[in-house]
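Naming follows writing order (A, B, C and D), and every chain is counted from residue 1.
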Amino acid sequence: MAIRVQAEDFDVGAELAALSDGNPSVGGVASFVGLVRDIAGGDAVSAMTLEHYPGMTERQLAAIEAEARARWPLDGVLIIHRHGRLLPGDRIVLAACASAHRAAAFEACWFLMDWLKTKAPFWKQEETPAGARWVAAKREDDQAAERWYKRTP
Amino acid sequence: MAIRVQAEDFDVGAELAALSDGNPSVGGVASFVGLVRDIAGGDAVSAMTLEHYPGMTERQLAAIEAEARARWPLDGVLIIHRHGRLLPGDRIVLAACASAHRAAAFEACWFLMDWLKTKAPFWKQEETPAGARWVAAKREDDQAAERWYKRTP
Amino acid sequence: MRILYFAWLRAKIGTAEEEVAPPADVATTGDLITWLQSRGPTYADALANRAVVKVAVNQDYVGLDHPLAAGDEVALFPPVTGG
Amino acid sequence: MRILYFAWLRAKIGTAEEEVAPPADVATTGDLITWLQSRGPTYADALANRAVVKVAVNQDYVGLDHPLAAGDEVALFPPVTGG
């Protein structure tokens, strides 16, 4: 289980290396780093504050990791998500999957990002010239998450 | 254009950070690191030597990068591929795409890996207890590359 | 029963957390929201559009028909926007 | 005309590179492979299965009907296995 929720930044190179260290059956590591953008909905964003629900956040991220491990043959999974006040260009999140097979690593990593976007209890508030505003959930994020639901007969 | 073919290892954290440094319109960086596995076809692999075609390798990788940039809205693309003798656990390749949108970053990065597997002129020779042997091209790699061909009417 | 509020629900209601003792006929999460709305205009306003109020009980997502027990930790919050 | 060989084609033929002067009727890449096969048993053996011989002219992939010019750099190699 490798879920971390923290205010501090993280070292992407060290984290990715640790996912395969000592396990030479890993053929590849797919990852995604999410960053704070300086523009949203056409408005300049000078900072972003991430609120979260301590306890539930870790619980939901762990459930998403468990689901990924059940669906794909993974040698390692890592999710690090920051909270607190961040500036444009700052890292927000790292999701990474190590596998013997590159398709499994890519799919599982993309799945982690799509599901955590709609399931992990974080809320973004942006600072713009017009004042602070809460980010609204995006319909495209719901659709991206729904791609991964298993069809039941 | 960010294509590098080299014998030396690379610093994944520094390379990924450089893809978005100074560009706060980047929302995310998707990447894949390929590693030498210690087993192939059921046999132990003690080392792997990558031969390549200097000149054509860079030319083909640049063409793949250009194709990715034409298909997806990307703020940065990076392909680093090593050659020479490598040991299990060593990094072989890094492919990374920066974009405002995570779907574009994931798709483009996966595309880079699938296409370079079947188009970049590299050949792997594995050292096994039974001697050195050339790796055969995999049918599944051809199929993965074909997914990305545009259908023409 | 402990209730947690997050993001703009927390800001509108004016508190992050409170202990409440709803009447005995508040049996489900839906009942709880209806009862909370009756507690004053800030609650009524914050909870007016149930389509944007997500509910978790003991840190798992639940629907509005989820039964409540005395020691539950109930959280109310807008759709999440992490990642 | 310069010919480059890679991987097991290089190993079987026993050289990485050679200058050749094929006869005038060698007009295409397919003609060139047929002519090379006639140069001896190592060539005949290495080039026996054309399905596993890829061809590049001036560092671009081409088919077996590609026309050849005097100064071309021609490369023959097995299917690639990088990444």
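Worth pointing out:
Simple rule for what comes next: contacts are C-beta pairs under 8 Å (C-beta built on N, C-alpha and C of every residue); 3 or more make two chains touch, one makes a residue touch a chain.
What you see is a predicted model; the values in this text were computed from it and never measured.
Of all the chains, the one whose CA centre sits at the greatest distance from that of subunit B is C. Note: centroid distance subunit A to subunit D, computed from Cα atoms, is 49 Å.
Inter-chain centre distance (subunit A to subunit C, centres taken as mean C-alpha positions): 26 Å. Contact of a single residue of subunit C with at least two other chains is seen at no position.
Along subunit A, residues 34, 113 each make contact with two or more other chains. Inter-chain contacts, as defined above, occur between A-B, A-C, B-D. For subunit A in complex with subunit C, the touching residues are 34, 50-53, 55-56, 59-60, 81, 92-93, 113, 116-125, 134-138, 141.
For subunit B in complex with subunit A, the residues that touch the partner chain are 11-14, 16-17, 20-21, 24-39, 88-89, 100, 102-103, 105-106, 109-110, 113, 144. If you check the complex, the residues on subunit C that touch subunit A are 4, 6-8, 10, 56, 59-61, 75, 77-83.
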